[in-house]
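As structure tokens, here come the structures.
Consider the two complexes below, in which chain A is the common component and chain B and chain C are the respective partners.
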Partner chain A sequence: MMTRRWLWISLALGAAMSLGVLGFRAGGAATVATQATGSEAPSPVLGDPWAEPAESRRVALYYDRFETLTVEDGLPSNKVTTVLAEGDDLWVGTDRGLALRRGGEWTTWSKEDGLGHRYVTALARHPGSGDLWVATLAGLSRLSGGEIRTYTQLDSGLMNDVVYQVVTDGELVWAATAAGTSALDPTTGSWVLYDHENSIMHEPWCYSIAVGPARTWVGIWGGGVVELDRTTGRWREYRDPDKEMEVDLLRDDGPIHDVTSFVAWDAGWLWQATYFGLSRYDGRRWRTFRKADTGLPGDFINHVAARGRTAFLGTDEGFGVLDGEIAVSYKATEGGGTDVTVYRNGELVESQHLSSGPGDNYVLWTHPGENEVWIATGHGLSRGVAATGPFGPEKNSEETS
Partner chain B sequence: MRPARPSHQLPAAPPSRLATKAGEQVRLAAVAVLALLIGLAPAVAQEPEDSYSQTPAELVPYRGVGRPYDEFLREPPEFRGPGRDRPEPELPAEIRLGVLVPTEGLDVPEGRRMRHGVELALTEANAEGGYRGAPFVALYRDESQAWGASGNAAVELVFDQGVWAIVGALEDNASHVMSRLLLKVETPVVNTAGTDPTLTEHMVPWMVRMRPDDRRTGYRLAHRIFEEDGLEKVAVFRANDRYARMGIIEFNDAARRLHRPIALEVRFENHETSWPNQIERLRTVAPDAIVLWGRPAVAGRVLAALRTSGLSQPVYGPDRLLDPILLETAGGYAEGLVTTYPFDPNGGSDGWSEFRRRYLAAAGEEPDAVAAYAYEGTRYLVQAIREAGLNRVRIRDRLFARTEWRGVTGTIRFDATWNNVAPVVLCRVRDGQFVVE
Partner chain C sequence: MRLALKILLPLVVIAAAVRLAGEPLAARHVRQVTGRTDVGATRCWNCHGPGGYRSYRGARPHPSPRFLAADPEGRALFASIGPAERVARVDLESRTVRLSEPLGATPRGLAVSPDGSRVAVALSDTDQIALLDPREMTVHERVAVGVDPAGVAFAAGGRLVASNAGSQDISVVDLEGEKRETRLAAGREPYAVAVAPDGATVAVVSRIVDTDLPDRVPSSEITLLDPVAGRVIGRVPMPSAHLAEDAAFTPDGRYLLVPALRTRNLLPILQVARGWVVSSVLGVVDLESGEVALLPLNELNRAFADPTGVAVDPEGRWVWVASGGSNQAARLDLPELLAVADGLESDAPEDFSLTRSYLDRRFPTATNPRDVVAVDGVVAVAERLNDSVAWFTPEGELIDRLPVGDPVPLDAPRRGDVVFHDASYAFQGSFSCRSCHPDGHTDGLTYDFDIDGVGRNILLNRSLRGVAGTAPFKWVGLNPTLQRQCGPRFAMVLTRADPFPEQQLEDLVAFLESLPPPRPDPSAGRVADLAVGARQRGQEIFERRVRKDGSEIPAADRCSTCHSGPHYSNLLKADVGTGSPTDGSSEFDVPHLTGIGSKAPYLHDGRARTLEEIWTLPGVGDQHGVVTDLNKAELNDLVEYLKGL
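The block that comes next holds the complex of A and B.
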């Protein structure tokens, strides 16, 4: 029996075909116009996704002070799921709603205010409109001009109401859902939908999206990473070459595992987080990073963020920073401190204890900035401040890409 | 006739974990001494010390190329987040559990039996006093909608209904969707019917599985076909759906590792009513045996078509085929069909006949594996809640605290992923009934 969602999509497809506004891109994905004047998605940002950037971004590996915000400071919940820092504005997603700290005051939104669901999974700012897009467990919400509109699978091209991530790319808003990936062009209202029936992904369980020049990568639960070349419409799949769930046969031979929990891209490097370790792809070869031989805080990685050529990891055993050569692991200790270890090429070179630390070692999200990093944990939102003096064997370089 | 191949020492049924470990230690010690004597110590060091999920040595992937870079799923999945110290709430009027079952499509009969199993378990638990006097109540949701619907249902159950845990789903695509979601919302789930081996292979520390999976089925069928029956050339005829796509993988891998790669794999659609092209291809290949993999109602029709087309080879299949509806749709053509089954359906364990009597009285039909494991899983969950109290993290901890559970299906043995690795049995259709061999 046809579900309401597919019924809706079928009706939309039929209507779009009759109006002549349904097109098929080179990649074979149907674009569904949700307005009579809808058109196809705009061209992507062009460029070589694997090129080393001409300019580097400041990235700090070492943080020596931490402070944590909790419900006592105004958060809706201590379980912080995502964070977006924009200047003095701090947007915080929790399992009990969305919060904004502006000028020391907190404003919160939840389901009663129009948010799709109280559980917020991801946040993204649309560069063109300035709208804030909020992924929730029951729809994709858009905060625009003080109003909230929520898109669901019943009234839009959203593939499923459980939205795990939202990112923006040029004009497009990409949403990774439990049953496929949707991309919305807010200026036209048209959606592009991808699942196992019209793309290379063999399972539609999409959990993360990363965008780069001319490319979109989708992290698939059980399907590795799929890549859409948006200039040609062609798909490519990256899977663990040994095809076995219980082993990784060879190091650096591809994604470490097919169960992808998150993907991130910046400065020519694609990072794949899994619950078995971390992988990195530079357009030619893969590298594998594990707790045992690299110094990651843990192999169960909930989230990876990329800034320059450095990865920031949220694991179930702490927060970590990795630039490929150096891995710094931060583990909160009883009493509010942190044990820090520094590995260089897999060798422990330094360990320190700091008197402050993240709120919890169960880290769900990180948001790195120039001289700080925000860490969403199971017990509060923590901020790490970049060390200004020598830290162990190193100090934060002025410009590290 | 293909030349005889060397015998492979695949055990008829996986030995116990302890026996495996002890045997492995003895074997490793012997091999180490031998290797030392002949100067092959480096080769010995490449042998894995213990196989994942009691995989027989002959079927361990890449066993001939040395130790892999890393071996996963050897340690229990842990939840390291906060929540254990959350105080127990005031006793609610009822203890709600979510249950996902199919209510539409081909899986409705299995969904009905699954529901009966849950109901019987909760009726008995409530007769014992429920949870501190509060009755357990099941909230049923349909899993048979489009992909992803189980995620929406789980969100509603957890946030709007306040369930303490979820039982289900029947189909593994629904369970996969739910498992990732429940990792986010930190709610335990007891899977009672899924057979996809990958379901517990993602390290999500919130799901346990009661029913032996298709890894066990694949290994057992491979042993039966290639070792016990001495057959060489096997063709697979399977449904073109996710259940069969995932289910056949371990059997196909086992066949390849035993040096009898599958000669042909052809597929049928669940809505089809005749399969002349596929059957002709099977006839052309002339296999020694056919492995049939699909849902029982459709598989029964396919089996009848194979026989009426003159294909008389032995036919083997997974435990899901052991279903009254297969006997109904295949009729007399089901005779001789050999399937696996998770336990002796005619009375393997001490408690089975008594369970069968209670289930029959309550549900008005015979129980099967789906009903039995739904009952087992619900009882297992009730026990965990009683021990842990009303705290989802502590309930989760209790679910992962046992490595064995004695129930009506016999002894459930969990591996490091909390997947039931108890040995499975073989059944044959004889005189219109499934009989344990």
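The block that comes next holds the complex of A and C.
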């Protein structure tokens, strides 16, 4: 009797072990889950993106001298798509590769050198590592120590190979792609992806990204702007309230249009560029700007750069600068030179003709500096020098808050 | 007695029943659950075994001094004694040894600050650099760095540079400021850190080749950086060379010397008999031109296997290199060496007759010399498998040898460790097991192993870490035991020498079974301040039984069916659609997944450079688990989960 009881106990133990009910596998799985939860706690608040900066930045609105670099000067192509000026180094993205001008010498990289694609769409310097990140139409490339490594959708966590823009927030490398937004943590090698299936964005065609304290904004083609609060993981969407494709029915009611071509943030203001005008958000209210009522060079805006509370615009009709009150527009003329108009609160207050100007009215990117602005155009890379002549230095000494 | 019988008898009966009928019953169960028809016999614990079953056994903590550093005045040596988790200070005048306080982690590379006031030690388990007081041998500070730091050095501007072998990057820490860390991308498994004489340039040598397509000539990276600016200033590829564990600048700072292995893995393995597959070299990197020359260290019919440590005479006259596989050190004539290097193309055919022009002498050491330093007229060597540090005259005359650490009785795994690192078991003593399996891991290369025609059955070298309990072995699952795997056929195909004697083979297996699996990537799924939960979502995908549309995934097509059990392998073979016309079989051993993140490349022939490519290469479909209904974000989640195993 006793033997039979032991036999049953032994059989039960054996069966339990073979079926795993004693929890051997469950224990392993629970460990993984615990690690996952414990290692992914959100970080502390990083700041208020809508706070007005304590100090204003001096930004020049007026430029009266322009010079243009072309293939004859060493550029790989006259179609310049993006530019990044760092001291004496000038990084230029074109439709035929990446170029660096250093000490008067040009170095170029293209697909044969490991670049994802010859068409470069954006450049970003990671402040921690100093690596240059290059967005291309076929992958995200990293230039580090003179060598290129390209991440693609097939060999890495990158969402899609068509990368329209790359920015860094000091830690992460954010890439806007044709199928969503990717963020790479270079120190862990891990990616996080956002698209229409796991975020608020109702479609994934991401054109642009801007980062600010605790926030990341994504400009979406046809989807307005979405905002990620990185401290909470919550999303918020900004869409054109009137949902009209061709007109802005009610001014200042929200983003001017859902087709976002670029977003930029600085000094508490978010700018949204569209092909139908410009919008600005200060955390509470939207304000919209159009060519007809503000004096922008055009409503088809390819690019907006924010410096302080001033926006630099690349449109299909020229280059412009807007500080909210004053809009300065630069348009090349057929006979050479540039027509410059100045609007204040929508009223034309001044116009000039300059003997030089940007290489072309089709402007794809601008990069404002302290006393200069680099302008990527359809025909060369132009540099505008802050005015000391026609408009007088006193105007450029005005500080924008 | 009767009670014992009552307990034991049923257990014996059950064991016998399981033995006789268990395997067929288990196979039937597997066939029912997975729908497979090709399983004839298996065991319950293949899938349901507890984590401890047949898992690695660990090894006794022999001192095993591996890394060495010298006091700037040449009065003391410091050796990391890894398994014992301490650093030993060897006083050259009093000829005494003093151990540090327990470090709580495995120490690896060491460095002494230029003023001699601090000793920095890389701690691989806790991802830190410990700063020790060299007199008291106590830790006064710990600095967080990347994953699994291997090397460390003091550089200009009060910077501490650490090579993080696990996270494949470099930490530059400002010790004099706010201890701010800058992280720079490196090659694969950055290992040694060397500082130029002026301290302004640092070279980090990567041990493993960069992952590339299997038909490309492999290349490992030397990363050059400006430590003060915290920027990479150059990346120098060393073609065909890998397993570099040390580097040293010449006194003028122009050249970097890197002992390495030159491996031509694209050749059929039968070329071992001609000395063409694995040979030892000293990489000479000209930092002005960026040119790399690989100078042979082997002589005709006399190999110098597994060169690791290197040291340069401060006067620029001599170079010393330690050969872990030949139990020797060599003294090389530096001016002659540089003269030969100057005229040598990086892709020049290897000519062992060159070695005589710069090899001054060889001298014997104890077992497995791994690191060497030269200071104040003394050449010191860390003799890892003799648990000793020895120091010699510059001519190689032994001055003294001291054991470091507490003695530990010799056991089978330790004897097997010696076999594993001993090159005398291979053709002309030219390579050891370590030559393809550094620290028991993998070199990440594919080889044409079998003698079945050139270009057939190209197979990826697999890691031996965590290999215990994962039988059968080989990609085609032919070998039921490690004894068979490493037995006579292994000698016939690979080592081209007499097979391991029986006792040495048993010891070798004991050593292999003591190797722990690679450490999971601790940063898997972590993306700065974003709470992403990728690993948890990835686990759900790994374990799912239904597609996203609600339809059931056949059991045979679930990740967790084949990758089950404590090693994430059911220890069977499977056809996942990766066979090619040059493969003898389309069925391959289901690989275990522990530490999979560090085992790139992937699949039997290494065609997948990353985990993503396992599923994104053309024509994969749902044969290797159902993945075609996953979107890119979900595939990323699955990858992050795998990296954490």
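Basically, the second predicted complex is superposed on the first by the 346 of 401 C-alpha atoms of A that agree within 3 Å, B and C clash if a C-alpha of one lies under 4 Å from a C-alpha of the other, contacts with A are read in each partner's own complex, and residues count from 1 in each chain.
By definition in this document, contacts are C-beta pairs under 8 Å (C-beta built on N, C-alpha and C of every residue); 3 or more make two chains touch, one makes a residue touch a chain.
Since the model is a prediction, treat every value here as computed from it, not as a measurement.
Novice: Tell me which partner A:337 touches in the superposition: chain B (first), chain C (second), both or neither.
Specialist: After superposing on A, A:337 lies clear of both chain B and chain C.
Novice: For A:160, is the partner it touches chain B (first), chain C (second), both, or none of the two (neither)?
Specialist: In the superposed model, A:160 contacts both chain B and chain C.
Novice: Touch check for A:242: first (chain B), second (chain C), both, or neither?
Specialist: Only chain B is touched by A:242; chain C is not.
Novice: Touch test for A:128: chain B only (first), chain C only (second), both, or neither?
Specialist: After superposing on A, A:128 lies in contact with chain C but is clear of chain B.
Novice: After the superposition on A, what does A:300 contact: first (chain B), second (chain C), both or neither?
Specialist: first
Novice: With the two complexes superposed on chain A, say which partner A:147 touches: chain B (first), chain C (second), both, or neither.
Specialist: second
Novice: Return first, second, both or neither, reflecting whether A:179 touches chain B, chain C, both chains, or no partner chain.
Specialist: Both partners, chain B and chain C.
Novice: Check chain A for residues that touch chain B in one structure and chain C in the other, and list them.
Specialist: In the superposed arrangement, which is not itself an observed complex, chain A uses residues 3, 6, 153, 159-160, 179-180, 195 for both chain B and chain C.
Novice: Help me check something: in the complex, which residues belonging to chain B touch chain A?
Specialist: Residues 52-53, 61-62, 65, 68-73, 78-83, 104-105, 145-149, 151-152, 155, 159, 176-177, 180-181, 184-185, 197-198, 201-204 of chain B touch chain A in their complex.
Novice: Show which residues of chain A lie in contact with chain B when the two form their complex.
Specialist: Residue positions touching the partner: 1, 3, 5-6, 78, 81, 95, 117-119, 121, 137-138, 153, 159-162, 164, 177-180, 195-196, 203-205, 207, 221-222, 242, 244-251, 256-257, 259, 275-277, 288, 290, 292, 298, 300, 316-317, 360-362, 378-379.
Novice: Quick check: in the complex, which residue numbers of chain A touch chain C?
Specialist: Contacts found on chain A: 2-3, 6-7, 10-11, 14, 17-20, 22, 24-25, 27-29, 32-33, 35-37, 39-43, 46, 128-131, 142, 144-147, 153-157, 159-160, 171-172, 179-180, 183-195, 197-198, 230-231, 233.
Novice: Can you check the complex and tell me which residues of chain C touch chain A?
Specialist: The contact residues of chain C facing chain A are 6-7, 9-11, 13-14, 18, 44, 48-51, 146, 167-169, 182-185, 223-225, 229-235, 522-536, 539, 543, 564-566, 609-610, 612-613, 616-617, 631-633, 636, 639-641, 643-645.
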